[in-house]
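There are two complexes below, and they share chain A, which is joined by chain B in the first and by chain C in the second.
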Partner chain A sequence: MKRRKTTPSGVVEAPLDPRTQVRAKEEGLPSVNEGRLRTYEPGDNVRRFLGLLSSRITRSLAVSLTACVHCGLCAESCHYFLARPDDPTMTPVWKADQIRKIFKRHVDWTGRVAPWWVKAGGPRDDEDLNRLKNIVFGSCSACRRCTYNCPMGVDTGLLVRFTRGLLTELGIVPEGVFNVSRDQWETGNQMAVTETDYLETLEWMRDEVRTELGTDAIDIPVDRQGADILYTINPREIKFDPRSIAHAAKIFHTAGESWTLPNWGWDQTNFGLFSGDDKLGAYVARNVYEAAERLRTKRIVISECGHGYRSTRWEGYTWAGYDQKLPTESVVVTLKRYLEDGRIAVDRTRNTEPVTFHDSCNIARSGDLVEEPRDVLRRVCTDFREMFPNRRENFCCTGGGGLLSMAEYRPLRLEVAKIKADQLRATGAELVCTMCHNCVDGLNDVIKHYKLPMRVVQVLELVSNALVVPGTNERTKHRL
Partner chain B sequence: MSDLLRILENEVQIAALVFLAVVYTTRLIWLFRFRTRKERTIAAGRASAGAGYSLMNVAMPWAMESTRKRPGLYAQFVFFHLGVATAITATFIIPYAPGLFKVRAVVFLFQIVIAAAFLVGLLRLVRRLTNPVLRQISSPDDYFSLILLVLWFAAGMLAVPNEPERTEWPLILFFGLTAFFLVYVPFSKICHYLYYPFTRFYLGRSLGHRGAFPPAGTKRPEARRAGENQA
Partner chain C sequence: MAHIEIEGRRIEVNEEGFLAHPEEWTEETARLLAKAEEGLDGLTAEHWAVVKFIRDYYLEKNLAPMVRKMCQATGFPLMKIYDLFPSGPAKGACKVAGLPKPDGCV
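Moving on to the complex of A and B:
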């Protein structure tokens, strides 16, 4: 690191705005009344915070809190710091130190005896807790890139999520986080999609695919007992991008797959991952696992979603205290299997635009699906090119960690997205493919803000585009 | 040899080591009182392989971008910690195997390694004082620990010839600092080596279970998708 001048902190000073929380209480929402969704109450929040801190620390968290040697090597792994290199408060170590110093002051040894010696201290009041909120929610996307670059193995991403969870328990959260959590508690999905909307959208997409393929044999089944695959989706697919469901339906039909969507438990996304609320995480994940049990399916398949994959495949089982019984995989793994087994045929000359691949943090760093999407893309595109760095070293789309739902941090998010924009621009690709709906929105923001000549696609779309459907002469050029 | 030096090299060192061991044991008991979470998912990789890879990370500068892009800092890390190990070894050789330091080549080798660590210590101190990021995150303990180590290296260089008949003060300084270190270390950042195996183990085990550690290409392909295809 070169010698630099320090500048004022880039941490956004967003005040706590509990108006939505007050409204939720006034409306008597069940999740609030039953204490599942916590709201802000002025009072002894510091004492409650410290109580939660002591009771929730696990051993892996404790070692991450004690082991940091302040070497600063994590700094240049963070896109926030790379974009604001004069600002020490953008480094992972500084952010992690804000919870570490509280831990040292109240739980650890030296900090309790001689706090000034190890810079232990705080929090004193709700203002301090709100400042902590702005750090862990507003200046970190919990991408875990720093975790992979820490020589000591300190998991700063885990510390950030842990701290978010403590603040969520006190209602000291960005308004967007509260709203999405409320929707997921109240409706079982994070976009408050109603059952009617859900079913009607599926029927609409079924009709679209029927028209495209010229056959009524195709279906988008709901609650079909004994299907091989339980397909779970992101509510964004219902609300904003139903084409992705149509792509999946077309491919499943062509592969002769036995599949179904559930009527309840179809949302594989999980805001508990972002808010740090393990209870919400458990509730949403359990909905999916119980749907698979109820319908006696043999496998859970997760549509393209980074945090949904991580939550449903990995974290959800632990949150829910639910031993995994069924294979649980990303739809990209399913597609790869279809291609390898010859269950679907593709014509890669239908995708000739240069395409690059953006690895979702939650999939690559916390789930290790890095070769599978590349394998699929090389089969369905003629000009696939890597961006650098890639795989586990890829940079966040900058919309991770739930940041897309937090409007107050948007200017900083877009400023630090310069790193991602440079990375995208250098590929010269016209398409950036990602297997995450969150990344789609994050990348679209980056592309728009930095005026990049490219658009975002997903793996399903490219496979659907290249799909050769037997019995139809039509090259099923993407029309949906 | 004076009684002061004899006691410092023997009884004081042993007492300080016992103190260190007691505090470390207490520390580990404290650490093990924190709960762990049961893993409930079907593995996509091998947790043990991940933990092993993670623990060996220290010897693989190419494995992390942070060390790959900064080979100079990695080299500093190596020299610094070699110096620590060498100086610790010297604290045992001097009282218990003094004959080894009758060989000039051995003394010279020890002095070279410790001198390199001394220089790296100075570089680290300058970096910590001048780099705004490090300055912002550094605590008094960070500075004190580093300064103490630099002094200890300097004393070590002078002490390893082990010639109390000529002059005792380098040995008194070296062993005095060593004893102080043994008492101070468990309460300072220097005890990070106690936590290192744990942080790397837990991270490696978790990522190994998920198939992320070791990275693709260094593990058996059939183990990778086990959790997804063979429930």
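Moving on to the complex of A and C:
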């Protein structure tokens, strides 16, 4: 029998590194003391893992665990496998089978628990659980492209997130995932930005826009009661790249919008989506929803962020068990409305470089927002061109699923980014636009590694650049 | 552990190109990191103003400064930071200043 040629598995062998977990325990952080943030304890983890597995199985998970017919169709949709075609451990089905076989051994499809010790196999010790960690965190960006292409409706993305959630309960997680979860539990935002730093950065951006437009009438309001829009952002905007806040402020001002940021509950990102921890997901999302309620706003608007959009717009309401009372939308939808209603005027000849659009997995495939960004781009750019594949079939930027915060998996991530690099290069575009801060960093890594002559932009930047501000005939200096 | 080789020197870095042992940073390391990671041939006084501020802030607080603090301390406008360090404040300037990778989606 002829054997298929295989290369050694690309799964990264990263050891469990609980150093920052130990420190968090020593410091007695409230989230650790109160059991919200779980830390690693050597001991009976396999038994706990199996117990959690059987208690958490839902009907849709059971379907995804049992319906796979191993047809292999999904392999071709995964950028890991496409870039390493001789490595079976990169296929979605192999990754899902690692949890599937544990399930089959220990729990049957009705969810009835079989005694876990009946059969050997499955994870034997913490080492095995750590290996599982390296698969579900390190070899999958949770982009759900395989899910979208499975004829049996198997949701491998869901299985991956589910497994991540079990490991998170045991503290068997990459260091980066622990650190970001810690910061979001402890400070309400994933970059541990203090209230003072938050407010001062907003004031700084307000002053920048005032200078740019030559008017003091512009404000970046915080906690304004009864504003129409509650604007929520990604902490990365505050900490490292606040230009997007200035762009938004300039556009809101020009559109005559009544808006506010909240003093608390402003982080729309949500590491619970990546770590699989629904409790964290609920906590962060609830902060946003309660801010809107407290300020009696009519709408929640989410700045450009893929996983934040998916979490706040869709899954957060479920995690938090919160009745959705307000329309919750991406700022790109808001921009589209301004353009259609004539609330802002734009001059597309200010954006003449060829620009292509990268659909974020969490926005297109998992968020159902597909044509709106294109409508906006066609109005503000002269040369918009699609990449192929696109829309719900687009390839991940490769930094999804929280991978940007897990340095140990970066070499594999950049290797399989070859697929993304080829796709970007084929467009011949000079700009790649995306409505996700995470994708910005993911794409920047790809561009740098593969030396592509491209720059990443976001929708707000292009709209801000094309914006015609009444009273100023000239184009405002585009320094922000 | 990954490393970069440059000008006959070997620098231990993590997989993201951030210094593996941030305490071992020297000005020479900064120059080499800037060349290897940011494609910069030599650092100007303006680069050094940013790098030294970040370095001091980190040694004092064990934390990467916000970009606002970088601008305040140096008097540079925001865009200047991007002009100086193509990969931006976090993956550019903080890396050259020998900080560990900042936490979060960056």
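Note that the second predicted complex is superposed on the first by the 462 of 480 C-alpha atoms of A that agree within 3 Å, B and C clash if a C-alpha of one lies under 4 Å from a C-alpha of the other, contacts with A are read in each partner's own complex, and residues count from 1 in each chain.
Methods note: a contact is a pair of C-beta atoms (placed from the backbone, for glycine too) under 8 Å apart; a residue touches a chain by one contact, two chains touch by 3 or more.
What you are looking at is a predicted structure, and each value in this text was computed from that prediction instead of being measured.
Superposition model on chain A: chain B and chain C are shown accommodated side by side without a clash. Once chain A of one complex is fitted onto chain A of the other, the partner contacts of A:T269 are limited to chain C, with no touch recorded for chain B. In the superposition on chain A, contact is made by A:L404 with chain C only, not with chain B.
Residue contacts after overlaying the shared chain place A:N179 against chain C, while chain B stays out of touching range.
Panel annotation: after superposition on the shared chain A, the angle at the CA centre of chain A between chain B and chain C (CA centres) reads 140 degrees, nearest 10.
When both complexes are overlaid on chain A, the residue A:F240 reaches chain C alone and has no touch with chain B.
Of the two partner chains placed by superposition, only chain C is touched by A:D197; chain B is not. In the overlay built on the shared chain, the residue A:D441 is in contact with chain C alone; chain B does not reach it.
Set against each other, chain B and chain C touch different numbers of residues in chain A, with B touching more. Our summary of the superposed model lists a minimum C-alpha distance of 25 Å between chain B and chain C. Applying the stated touch rule to the two superposed structures, the chain B and chain C interfaces on chain A have no residue in common. By the touch criterion given at the top, residues 176, 179-180, 183, 190-193, 197, 200-201, 204, 208, 234-236, 238-243, 269, 402, 404-405, 407-411, 437-438, 441, 444, 448, 479-480 of chain A touch chain C in their complex. Residues 2, 14-16, 18, 64, 66-68, 71, 77-79, 87-91, 101-106 of chain C touch chain A in their complex. Those residues of chain A lying in contact with chain B across their complex are 1, 3-6, 57-64, 66-70, 72-77, 81, 86, 88-89, 91, 93-94, 97, 109-110, 116-119, 147-155, 299, 313-314, 317-318, 321-329, 333, 365-368, 370-371, 389, 391-393.
For chain B in complex with chain A, the touching residues are 27, 30-32, 34-42, 44-45, 54, 57-58, 64-67, 69-70, 73, 77, 127, 130-142, 187-189, 192, 195-196, 198-200, 202-204, 206-207, 210-212, 215-216, 224-225, 227-231.
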